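Two complexes follow with chain A in common, the first pairing it with chain B and the second with chain C.
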Partner chain A sequence: MSLWRQSLEVSRVDLLVERRLGDTYRIVLPFAVVAMMIFSLALPSSVTDIGDVGVAVFWAVAILYGMQVALRTSLTETQQRRDTVMLLGLDPAARFAGRSMAAFVLLSAFMGILLVAMILLFSPELPRGWLIATLGAILLASAGLAMLAVLAGEVSAGLRNRSTLAPLIIAPLVVPLVIGASQVLESIARGDGILVWILLLITADLALLTVGVGLAKPLEEASR
Partner chain B sequence: MKRVQIMLLIAALALAAGALLAYSAPLDRLQGEFTRLLYVHVPTLWIAFLAFGLTALGSVMYLIRKKERWDRLAAGSAELGVLFSVVGVFTGMVWGQAVWGQAWDWSDARLATTAVMIFVYIGYLALRQATADPEKRARRSAILGTIAVVQVPLVYFSVNLWRTLHQTQSIRPDGTTMDPEMLVALLVNVGAFSLAFIALLMGRMLVTRLELVAGADTELAGDTVSPPRLSEIEDV
Partner chain C sequence: MDELARLQELEVTLDGRRVLDGIDLALRPGASIGVVGPNGSGKTTLLRTLATLVRPTGGEAQVLGSDLSKVPDRSVRSRIGLVSHIPGLFEELTLRENLVHFARLTGHPEHVVDKAIDVVGLTRSSDRAVSASSFGMKRRAEIAWLLIAKPVLLLLDEARSGLDGDARQLIDVLSDRTLSAGGAVVSVSHETDGLSTGVSEVHELRAGSLEVLR
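Showing the complex of A and B:
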């Protein structure tokens, strides 16, 4: 079986498990929407137009709650399953790629729904061309966050404080993605070019892909 | 042990010489006495970059060679990198309060990325702390140490790429904008802090080796206590 087919198979299984458990859309998504509402309630009275902070709130919630999506409990594997998968001869790079692809699909849809929720809740003034630029930023940020979460999930696998440790590992490393994604819309609003921010996102994604595939074998050993 | 003591003594002498030069160097007309913070702020942050670079080197070498000493190098460098960067940030904040009128500005790219870099390595140290088995700890942290270093160039070049209050580099390949006396004092301090870093790193690596030899890895909280079995409790 080719690397690509193996990756697709891993991804399919992850998505199937997620569909059965429903962590993302039954738990994390409503939680994230509530967080957006709490944000709007907590704003000081000096903020007269709530729409001004909508995009910033969207990216903060999308990235922070996106970590929960990417580190969802359905990813947790028993030692026996890990051993079986290894004995079956699954390529570690395919495992990394497959898991990242599944997380990417979930995160893209999650952020897309959150974007709609943000527009309904905050009614921000959006500049021309915002939709394509924001969707592009969502896709690139989702890809980076997915790979980072798979890496962090693997290095913290089996630890009793995984649920708190993995976000601590991811949160500071996700900064280039947050900067790139949030600056895309701001640049359009200012009338500046967005190429530099798209390039930052692409560079971060490529760096994570290279590290993830290159370190797939030691990553698999480390998580055992 | 003897080598570490000799290195600490040399570092202490170099730091004393650096302090003397910093005290005798001319002051900036506008910054006054706060100019002297430069001789601690710049060297400590330079050492922090060096330390995080060594963490990455140790991590990559551990993944290739699987030798425990590379893991000790990575761990010791990360600890010292966090220590030196906190000192560097603190001195920068004191200087910023005096010269800019504010200690911190979140819209400043250099300040924000430096703070983030410290948290990356706090996460690295937390991962080490959470993993009890030495071999697992070394493997897992080697992977994170390899990934974490991508933040370092982002911090260094942030002053050239983003909006920032922080000035750009004063020493560049095409020359320097500093007074020659101040430059000498700065370079001597960079050397002195580097020696201090090497001495502390040697000491930390020695302590880690002794801990491993003595099996001093403490068990995680909870592992030392097991619940009583119901059959052992009377009157249940």
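Showing the complex of A and C:
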């Protein structure tokens, strides 16, 4: 069976499981919206227009809570299920790609809903062309975060403290995604080009894809 | 191939503890071997090593032509069937959805799933979520999958415990099919009653070492 079809099947089942559990939209999303509300309440009085911080708050919350969404599958996987999948002869690269695709779909929708919530809560002043640029940034950041989370899940597989370790692995590596995504809208507002930030996001995504596919087999073996 | 698996002076250390120590075992086509031993004696580790899921830390281990000190080929793993004491199914999916998922990942047509479900007697409960299924149903689903996958090396970890007579008979059917196709079966249990019927050789695993009982 081709790597692509195996990836699609892994992705299909991950999304089916998420649909049944509803963790992302019933648990993580409401918490993320509440976090944005708390941010707005905690701002100092010197901030006269909360719309000025809306985009920054959106990206901080989207990335932090997005980590939870993306890590969910890896952190809840049992040893027995891991054994079963290994004995099916599944290509580890297909597993990486499939899980990343599922996490990408979840994260894109999650960030899209969060964006709407941010606009309603903060009423930011949005420059011309913001929508397409922001959606592009969301898609690229979601892809990067999804692959990073799957990679972190594989690195920490089998470790007792993996639920603590995995976010710590992600935190420093997510920096290019945060900077790239958050600067897209900022650059439009300043009237600067956004190409450099889009290229940063694409470069980060390609690097993660290369590392993820390349390390999939060694990481699977390291866990046995 | 003369031997399906050969372990020589096999050692496995997990978390700094020597779990298996100097194991010698050869599996020829048609061999059905039973291993008994008290809890914590290393039975599960022995099976997981044969299943290529644990890397040996000493000695030599060859399984289906693959040297376990190196990275086994994926095609080797797909010819190994492991029934572990905790079923490795997706709890959120139904029994049938699990089997369809496995079939799709391995390129088996979906219609064989329904046939296998029928053979193991799960037709009426196959649309039940795994999380809402009894242990026996989960075990039957695993057996159904292995009937489809047709493993060359079948590894049974306390596979008969907690099952009713019909389900235990299915384990025997699975073992018989594996053996008649030229494969080998290794079953482990803490008592001889828990081993597969038709076991030709029984070993005892005690403190990580293997001795022939009969």
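Quick notes
By our rule, the second predicted complex is superposed on the first by the 218 of 224 C-alpha atoms of A that agree within 3 Å, B and C clash if a C-alpha of one lies under 4 Å from a C-alpha of the other, contacts with A are read in each partner's own complex, and residues count from 1 in each chain.
Convention: a residue touches a chain if its C-beta (ideal position, glycine included) is under 8 Å from a C-beta of that chain, and two chains touch if they have at least 3 such contacts.
Please read these numbers as outputs of a predicted model, since none were measured by experiment.
In the superposed model, A:159 makes contact with chain B only, not with chain C. In the superposition on chain A, A:44 makes contact with neither chain B nor chain C. By the touch criterion stated above, A:151 is placed in contact with chain B alone, chain C being left untouched. Shared-chain residue A:168: touches chain B; no touch with chain C. Once the two complexes are laid over each other on the shared chain, residue contacts for A:221 go to chain B and to chain C alike.
In the superposition on chain A, A:211 makes contact with chain B only, not with chain C.
In the superposition on chain A, A:176 makes contact with chain B only, while chain C stays out of contact range. Residues 221 of chain A touch chain B in one complex and chain C in the other. Contact residues on chain A toward chain C in their complex (touch as defined above): 1, 5-6, 9-10, 13, 16-17, 20-21, 78, 80-91, 217, 221, 224. The residues of chain C lying in touch with chain A in their complex are 48, 51-55, 71, 74-75, 77-78, 80-82, 84, 86-90, 92-93, 97, 101-102, 104-107, 129.
Residues 151-152, 154-156, 159-161, 165, 168-169, 171-173, 175-176, 207-208, 211, 215, 218-219, 221-223 of chain A touch chain B in their complex.
Every residue of chain B that touches chain A in the complex is listed here, in rising order: 63, 113, 116-117, 119-120, 122-124, 126-127, 130-131, 136, 139-144, 146-148, 150-151, 154, 220, 222.
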